[in-house]
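Sharing a structure here in structure tokens format.
Letters A, B, C and D mark the chains as written, and numbering starts fresh at 1 in each.
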């Protein structure tokens, strides 16, 4: 069988299918469960500098082709999170700690305090005031946050980008300039749903982020735009729920992919995708390398 | 039965359900057909200053929950389009001419030459080089194009906005400053799909715009953001395919809605939505006015 | 699935701070399943079904207080039924309830009775005036009631009533109540762990098996999706009764 | 629906610049339906089925030329079957084909014959060497062939062959060919308009009934979705034969 192991974003991964941030990544036990189910690496829930309960409910709404969520970055703060990371690392797969803050210094503070295999900077959550895309929409801010974490941490730094922008490449270039080992694209699209019986926005936070199959074409395009211009690898995320989706994302230029919303179907998704990918590579007599970015090479 | 007639964006409309730009709006005959089917108004295909054949095929791909298109603004130029508008106007419903250009002067040139009930400025098509969102992503450009058309035309000017931005409200405010009578939100999301057998991007233009139910939560959020801050009306478009969707969009703050991709189901959609809306208003003993923007008034 | 709008048809007071809300729709739940109740403008919270179209709620905080201000005719949003629910097994079953946790067991007992099973109930309350659903349980079969303050029935916690019963007589045991009460019972009856189905609580944020806030150590069981009914033998090997995570994800004590 | 990948299994030359491409999959089309053929890196173009798994293509421009460079084993993308297709009616039918437009009629005739209908064919070509599918049609029943240059059969356009037939003998007439040829026939046989099904061409951009580029005046019929088969009586009241829109939407002559 063709090998699925890769070196991407400074990490050695047994396969390129990772658990996305914020999905069942609150506890060490659930990170291990994803690893046992076949994830090549796992990203934690985003953690900040102080405990947060997140937004009032409803925190999710199913919409056609996707899911809206506004969790509001609930987390126990990095001070209570090292034990979860450590438990996750015992699974044997790399644990990437997703972190957020409202300034370069706050990001750096967290990165200095935590031990993980890599950091993923959440500069892209669309529904938490003062955090995420409120910083991440500005290339300057992406650059300074990335730079600050680079200086504070001695592990690879991945930067997760927002699609809520006119030009995601600007953001990716900023991350690259500051020394990021990879960019991760995309976080959710800013979105909302309204209860038509009463007029209430359904999410407790009124608006939230759209994920799932609905956003896959936006994610594929974002990865394509980034991967064709950046020198650092791109990790593709957004709407992947089958091996076909993973192949498409890798063809767009992703070195590895992350799976979020599709976990709703169950943990079996990791094995299903990895196996499908392997069968595909075998049938085509291709390697992951051959597949990566194939779409840019197929010119009209 | 409650009345569906409204005055919006400088036009009197028998009902608030309009045909969206670029959907079956190439000929006078098809504009009339939409009007006969019950549209309260019809927007034409976007026309420019010189004939364009558009992008090579495939021009559309169905994706989960939506449609990708990259037509590439095919149009016979405004010089050959007045007869289509005139034919459309004979239907009795207002015909809004969608126009595009690469500069304020080009927009103004077209607006001066065409007679229509209103203009809709396409500052938002995500897949035509030098046009659409390549201008429309900059508030300054939105303001100057809108101003130029205002000066050239003596009918209402609507400005169609792109969601491919970090802050659609900035764009709406720019349109309002320049004297727009309404903003229309949203155009498609920049997106792509790749053929996994070969790696070819499916669309002839490689990337295109995502429409349909998949983008409705993004459209609702955009309308909500705009309508809660602007004084001019917002016309909601994106993923509307049922009366429930129209109610949701109006609750978000839309004065009227446009229907695009759902026309795939057939022209019956106009009547279906209008009837559902009317039944809803009757059941709730509400007027369209009551419904409009209800979501901002339902505070947590 | 968006929340479905539902009208509260009737509100009945069961005890101080406990009320039953009958809804205008039967969501066809299994006993032990729950719904997410959206109190608009406030929060969305998990509630077990206490009947095919009802929930029985104890007022403990912001959302439940807001609910208690709502009368018949008010509208709420519903998402459900969710979770796995209890599985009926065998001929003779024992229900062990504590406080408002008795509510889903009344629903289960009625289902069991209608299938011809023999139902015995052991119910613990703090005090006489906290007792709920006494008639519902009495209609099902033998009922033992304990009160912490001895104001009714057997004095003591629910586990005090265990002495009156031989658990070997029952094919299946169903338990729902405050975590420490359940822990108390299941840790004393380890040999029956495999036949004891417990309906437990964790902090639910998504109730869709995706966010991770309800996951149990050490195997990451998603209580919202794979629970809330879990057999006692599995619980005994878990964090249950030792700690639980709150809204931030931080570990805390197993109050209630 | 994304384009489905398909391998060309066989390429057969039918006449100068006309080839049949047999695909590796039967899309279960009705005769008269079409597919959108994606020649990757070039364009996506409409093609009628000339059999359950084949198309017959005349090389006329960029995409068709690119296709002609592809041999057996090449891969193309398919979207379809699309459109309404012909409806078989009655006992005795007449097929009137012109040039490569005969291809979908051969497929239709075979379907009709297998259902026991009586099939007569009138086929017009420019010259002897442009004739295609002569044997396929001859296997179905009576065949009249015309050539513009008189090099085979009746000299003249297809309409010249009409004199040999009484159209009243046929329950249904099916026609496909260059627009002016079809116009020539249907305008001469107006009284049979209601029983004449014509398979027509317009410039298809979306082939999904959404863009408007294929709409017919004056009623806006979407040829890609509500056609391409339209009865002659409706065509006679339309733009058909007078003008057609090109890729820009501008009106132009009805070439071909």
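Methods note: a residue touches a chain if its C-beta (ideal position, glycine included) is under 8 Å from a C-beta of that chain, and two chains touch if they have at least 3 such contacts.
Everything numeric in this text was worked out from a predicted model, so none of it was measured.
Common neighbours of chain B and chain D under the contact rule above are A. The chains touching chain A as well as chain D are B.
Averaging C-alpha coordinates per chain and comparing to chain A, the farthest chain turns out to be D. Remark: among chain pairs B-C and A-C, A-C carries the greater number of C-beta contacts. A straight line joining the Cα centres of chain C and chain D is 69 Å long. If you average the CA atoms of chain B and of chain C, the two centres end up 51 Å from each other.
Separating the CA-averaged centres of chain A and chain C is a span of 36 Å.
Between chain A and chain B, the centres computed from C-alpha atoms are 32 Å apart.
Residues of chain C found to touch two or more other chains are 40-42. Of all residues in chain A, those touching 2 or more other chains are 56, 63, 193, 198, 200, 204, 298, 300, listed in ascending order. Per the contact rule defined earlier, chains pair up in contact as A-B, A-C, A-D, B-C, B-D.
Against chain B, in their complex, chain A makes its touches with residues 56, 63-66, 68, 133, 137, 162, 164-167, 189-194, 196, 198-201, 204, 206-207, 210, 213-218, 220-221, 224, 239, 244, 247-248, 251-252, 280, 291, 294-295, 297-298, 300.
Chain C contributes residues 40-42 to its touches with chain B in the complex. Within the complex, the chain D residues that touch chain B are 1-3, 5, 36, 38, 40-45, 75, 77, 79, 205-213, 215-220, 222, 245-251.
Touching chain D in their complex are the following residues of chain A: 298-300. Interface of chain B with chain D (complex): residues 22-33, 45, 51-54, 56-63, 67, 69, 71, 74-77, 80, 193, 195, 197-198, 200, 202, 204, 260-261, 263-264.
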